[in-house]
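Two complexes, one shared chain (subunit A), two partners (subunit B, subunit C).
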Partner chain A sequence: MKRIVKYECRRLIWNRFFFGFLGIFLFYGWQVLKHEVLPGVAGTAPFSPWSFGSYLSRMAPFLWAGTLLFLTFFTSRKARRAAVLTDASPADPRRYGLARCAAVLTGAGLLTLACLGEAAFFYGRYVHWGHWETLLAPALTVLPPVLALALGGGWFLGRLRPWLVVLWMALPFLWMALPLPSALGIWNGSFFAEYPLTLGSLDPGFSLPGAVAAAQGAALGVGGIAFWGSFWGNAGRGG
Partner chain B sequence: MKFVRLFLLEFFRLLQSPFTWLTALATALSPLAGLLFYQPAQAGTMATQFLANPALAGGVCGGIFFALLTLEELDRASRSRVEVLADAAVPPRHLALLRLLALIAAAALCFGVTAALWFPASRRLIGSVFDTGDYVLAYGLFMGLALPLSILAASSAYQFTRRTDLSLALVAAFSGLSLTVWAGDWQLCWLNPSVWALSDDFSNLRIFRSVAYIRLTWLGALEGVWVISWLFVRQWGKGPLASFLCGIRRPLGPLLALCLLAGSVSAWAAQPLVDHSNPDLTVMTFDALSMLEGVTCSRRSAQVFPDTHAGTVSGKAVYQLQNRSGSPQTAALAVNPGYSISSVLANGTPVPFSPGDYEEYNEAMAEVTLPADPQIELEVEYGGFPQESRSMSTMQGRLEISGQYLCLENSALIPRLLNVSPEGEERYPTSVEIILPSHMTVIPFCASEAAVTAVHSDGTSTWSYEYTGSGGILYAGDYLREDIFAGGLSIQFYYGRKHQAVMEAAGAAEAIQAVVDYCTEHYGPLSFGADGSLKLIQSRVSGGGYATNGASLLDEADFTAANLNDQNKGTAPGEVMIHELVHQWWGLANMFAPGDPKDPWSAEGLTCYTTYRIAKELYGEDYAAEHYVNPWKQAVEDYHRNFYVRNPQYLSILPEEERLQITNRLAELRQYCEMPLKIRKAETLVGGEAAMDGILRGLFQRELDWAYPYLTYEEFLDACGLEKEELDFETNCEI
Partner chain C sequence: MEFHIQDVTMTYPNGKQALGGLSLRLGSPSLTGLLGPNGAGKSTLIRLLSAALMPSSGVIQLDGAPLKDREMELKSRLGYLPQEFGLFDELTVWQFLDYMAALKGIRDSRAAIRQVLQDVRLEEQAKARIRTLSGGQRQRVGIAQALLGDPELLILDEPTVGLDPEERIHFRNLFSRTAQNRLVLLSTHIIEDVQSVCDHLIVLHRGTILFSGAPERLIQAAAGHVGVFWEQDAPENGEISVTARVHTACGVRCRGVAGVLPSYARPEEPTLEDAYLYLISREVAR
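Take a look at the complex of A and B:
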């Protein structure tokens, strides 16, 4: 199975698409860092958890779209036609599905690392700063729910209809424009700009109100359940 | 013929696709977004709200929809697995070109229908100030040209990558950047042009020129990119590189791409609309030039010839100079960076001159060598297309020159002597002659009156006037004049002819009377230089205004039908109008030293405070608290919270461009929010509004020291009997 994971990873990552998308992703990230993060979000430092969280929120739609674009390798009509052959092979479909999932996660993980690495380079260059441990909390708050919901929902919808993945891909771009309730503020970035102002202190430490934590937990949970449903509901076929 | 037949086939095939009709329908509805939620142009004029924003929204949404249609169409053959058959029937490159043209034709058709559909709606919404020419240009430039740009971008992305997903990501990022992080750079906004306002009462040629320029620059660039991507179109089953190598065997394609890219890069770099002034607004080297010893100027005259069709100006300025130094000297002249000096004569003899590269505050410096003659008549011929300041590049349109409106400010009117002192008196006299279409009224932005001295057979007239000063501002347009008497002043109120019905219905003249009466009663009558008269000039929408001796500018946005009838503000016009009127008392130039722009003490502090007081009197305490005091408090708290204010060491390590962006924003905040809040705090400490009115009245009417006639912060504190520290805020702005 390791060989299959390795093969799928190579298929997903070692191609024009990945490097092209990475280039777009990094370029967009640099523009966000320079124009939005450097002035500081909510009066905090550009390297505060709030500014960094805002950066991650702005990057989340692209991370989401990137993850789902990886997924289209396995949910497209072409992949479904090839599934006739893979289904006929003696491999356990669940394990095969997990191997593919691991490959998608690897791709998404590389994009995430690129996003974090770019911020590290930016902070080092512009403000000569490198205390990365303080940024772990916003990263864990923003990224796992985004990746889980993108992957779980995408995998689930992709099995139903391949074009539903494309609709799912457009979702974060839609909610960036919508006035979401404050509990979902992380999903359009408003939480990081507004919540620290309500804490009544300068440079407040990172914290989450219960509603936001619950929303992030719910996103993680829904993503996980959708993912589980995709695999164990129908033996991972098509995915 | 075959190409035309194939094009028609492709075009009609495209029209049979349901996705095309869906795209067309969505595009036709997209101007609705500009009325409801996507409103990038912020000015309050009717044309901005009901023409610019719908057209911009139509461009953005329509562009995105047509980009999606392009990707859908280009991927169709591959998706249906008939690519081999299609390639066998028509060469792939021919087909790519045909598809592009068919898509652009479909976009043009869709745009035509959309513009026709929205015409009656816009006409009804904009009302009496609707202008068909503006409608056609706004829809054509803001919306129409966005569609081919998006099609070119999407088509190029697909031809390079041959993958829909990657092309989608590329188009999304390219569009996203234009809409978000590039939105502050007028040259980078390829999808959503940088338009902040359209005028109701006057022409909009300058902003249309700016958008057309950027649209054409991007069109050239994307066409160049498209031609390169066209060379990558896969043929004969080869990969991208092999196809490209085949494609460049014929030099026409690469040469065309090179020409288009080189042309657009040149157009980008040599754009004529915005100057290259030093972005550091704290640097004022021109004002710091030391005066020439023994050289003075006794008089200046100018003949100015605006070309209202081309938007250019040419002119001849004559300076009467005295050189008592006995040796040649180098005089410095400030001109608008868009102008060039074509000749300089001293006493009829050509003298050397050199244009400078450095620009600052929308001026470039040229140096002229003066002869050693004791009396010099210096004649300077200049002209060109005036450029606007880089710091206002996203708010272009101020230097409009057309048959309806004209604004020439300082060195855009006449070159300004930088290092020559006036002879004898404080300022030298200047006489101006200007030739303009006869229907335009010339209004000097000073106490002087312009008069027609000649009427020409070509439908133009010569106007002339005199004033004293080294600068000078001139407005001209299709104006009406209304005379108002208030606060002992004779006020000449000039406003656009198109606005007559709205002004009369709203009683704007009565509102002006109320403001002038308030300031006169509280602070005293205007005493400086205007001989009891004041001109109030409605300018083309400019986002603010300014005042000088005997004249004040009022933005047309404060007089729109919507603004004047805003029930939340009572029946009086908007507060920006009040603000600019108040500058007559707390003048921009008359009473405050033009010192460090970072200094929070400026004319804006007292002007904002007085505007708040008038709003409080007109609309009540709650309104004033909600719209003035609370936003000030919030802004000051934000200022004190700001990381760079608390940790300036981080500011100092930032690159200059980023540092300036931050410091300029903070400085403005201190002048417009922190200082009025301090004055309000002082009001509480001195015993209330009546006591503060008394203090301000005393300061306003104080005996001036002409060696330094400026009102300082120390004088204000002394008059209040307060120490500086007593007015300081830390983080809590509660009073």
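Take a look at the complex of A and C:
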């Protein structure tokens, strides 16, 4: 299946669409870094976990959308026409689906790396700062639940109806516009801008309220279950 | 390899019955032609034989065991070209075939790909992206992926659509050579494609088998029912079904089939096309 992963990566990543999306993604990230992170979020330093977390929160919907755009390579009408050939092969549908999933994860991983690399470049160049280990906690809080829920949910929904992937893609943008409960503050960016102000100290250390941690854990869990359901619960062809 | 189809019916969820009570034996080596008008049930039968569909009722056996229990075994022995298919436009021809070879579990994919590219005459396009290919070249990529790995069973649904006449002849001969030690099922509505190469012919109409046997038998059955005549000699609404009209200096020369040839028609030796049209017209007239 290594060859399948290689060719799927080539299909998903080596095209104008990916590089165009990456360009927009990085441009947007740069604007967030320059205009929101540099002045510092919630009165904290630009390199504080809160400011960095705010940046990741703003990038998360694009990361979500990018991951699901990769998935549309397997759910589009064109892809379904090609599936009549691949379905006739003796390949194990579950292994084939997992190989395709690995390609999507590679693409999503590249977008994540681009997002983190851009922040690293920004901090190094403009703030002359490099204590990356302090930023690990907000990165782990924001990114894995986003990627798990996007991919797991998208894969599951895409197998039911391909157009559901497009609806799923729009979800985080909808959340950005909605007044979500504080436990879901990471999903609309409000958590990093508001929570540090309630801690009553200047530039507080990173901490996570139980409700927010539970919400992120639930997102990770739901994504994982949806993913499991796509492959092991009556598994079919990937995508 | 042998298929035994017993009383198979296929009704789609929308209620349309595509096949009704079909019984048939197919065994290798053979190049079996599947003929029939649009909507006769050819593609449905092909999808059933490639395990892409399950019959509503009846049994399909592969080498004595139910096909549903041998799906993976069937797929490991199958080369399949559906009527409509898509390719990965982002890949080159070679990469796509390598992708399919990986799915088919072919170890020495380089040699296998080189062989099928040669068979379908696409060596020069090996490095071309699929999106740059013409319709005929895409069709040939489809045939190439079906031939990959020398499958024991080759199911080809309208394989020569979009190919020019010279290519069609080339592929006819290729399928004929392939069928020397395999089972090749060739579905088409182009009678020329089966005329010269098939040893077994199945004619489907409205989901049932009208004929199954050697093409010569079908031709023999049409003897005395095919004639030629001048159009001006025939009355309007004549009892003969016109199958061909040729404009000549002396008028329009027609060829036709009828249960009883009228006196103005001169009997002719039937071709497979005549025989097929006679069979279908007889069925339509019922």
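What we mean here is this: the second predicted complex is superposed on the first by the 237 of 239 C-alpha atoms of A that agree within 3 Å, B and C clash if a C-alpha of one lies under 4 Å from a C-alpha of the other, contacts with A are read in each partner's own complex, and residues count from 1 in each chain.
Definition applied: a contact is a pair of C-beta atoms (placed from the backbone, for glycine too) under 8 Å apart; a residue touches a chain by one contact, two chains touch by 3 or more.
Quick caveat: nothing in here was measured; it's all calculated off a predicted structure.
Asks: Looking at the overlay on subunit A, is there a clash between subunit B and subunit C, or do the two fit?
Replies: fit
Asks: In the superposed arrangement, does A:R81 touch subunit B (first), subunit C (second), both or neither?
Replies: second
Asks: Identify the partner contact of A:R10: answer first if only subunit B is touched, second if only subunit C is, both if each is, neither if none is.
Replies: A:R10 contacts subunit C only, not subunit B.
Asks: Given the touch rule stated above, what does A:L38 touch, subunit B (first), subunit C (second), both, or neither?
Replies: first
Asks: Where does A:F62 make contact in the superposed view: on subunit B (first), on subunit C (second), on both, or on neither?
Replies: first
Asks: Just to be sure I read the superposition right, which of the two partners does A:Y96 touch: subunit B = first, subunit C = second, or both, or neither?
Replies: Once the two structures are laid over each other on A, A:Y96 reaches subunit C alone.
Asks: Where does A:H128 make contact in the superposed view: on subunit B (first), on subunit C (second), on both, or on neither?
Replies: first
Asks: Tell me which partner touches more residues of subunit A in the superposed arrangement, subunit B or subunit C.
Replies: Here the partner covering more residues of subunit A is B.
Asks: Looking at A:S190, would you say it contacts subunit B, subunit C, both, or neither? Reply first, second, both or neither.
Replies: neither
Asks: Could you work out the angle between subunit B and subunit C as seen from subunit A, using CA centres and rounding to the nearest 10 degrees?
Replies: Spelled out: centre of subunit A as vertex, angle of 120 degrees.
Asks: Quick check on the superposed pair: does A:S182 touch subunit B, subunit C, both, or neither? Answer first, second, both or neither.
Replies: After superposing on A, A:S182 lies clear of both subunit B and subunit C.
Asks: Could you state the shortest Cα distance, in Å, between subunit B and subunit C after the structures are superposed?
Replies: Scanning every C-alpha pair, the shortest subunit B to subunit C distance is 8 Å.
Asks: Under the touch definition given earlier, write down the residues of subunit A that touch subunit B in their complex.
Replies: So the residues of subunit A in touch with subunit B come to 16-17, 20-21, 24-25, 27-28, 31-32, 34-36, 38-40, 42-46, 48, 62, 65-66, 69, 72, 126-128, 173, 197, 202-203.
Asks: Which bits of subunit C are touching subunit A when the two form their complex?
Replies: For this pair, the touching residues of subunit C are 50, 52, 72, 75-76, 78, 80, 82, 84-91, 95, 98-100, 102-105, 142, 145.
Asks: Across the complex, what residues on subunit B touch subunit A?
Replies: 161, 163, 165-166, 169-170, 172-173, 176-177, 180-182, 184, 638, 641-644, 646-647, 650, 653-655, 658, 661-662, 665, 731
Asks: Could you please specify the touching residues of subunit A with respect to subunit C in the complex?
Replies: Residues in contact with subunit C: 1, 3-4, 7, 10-11, 14-15, 78-91, 96.
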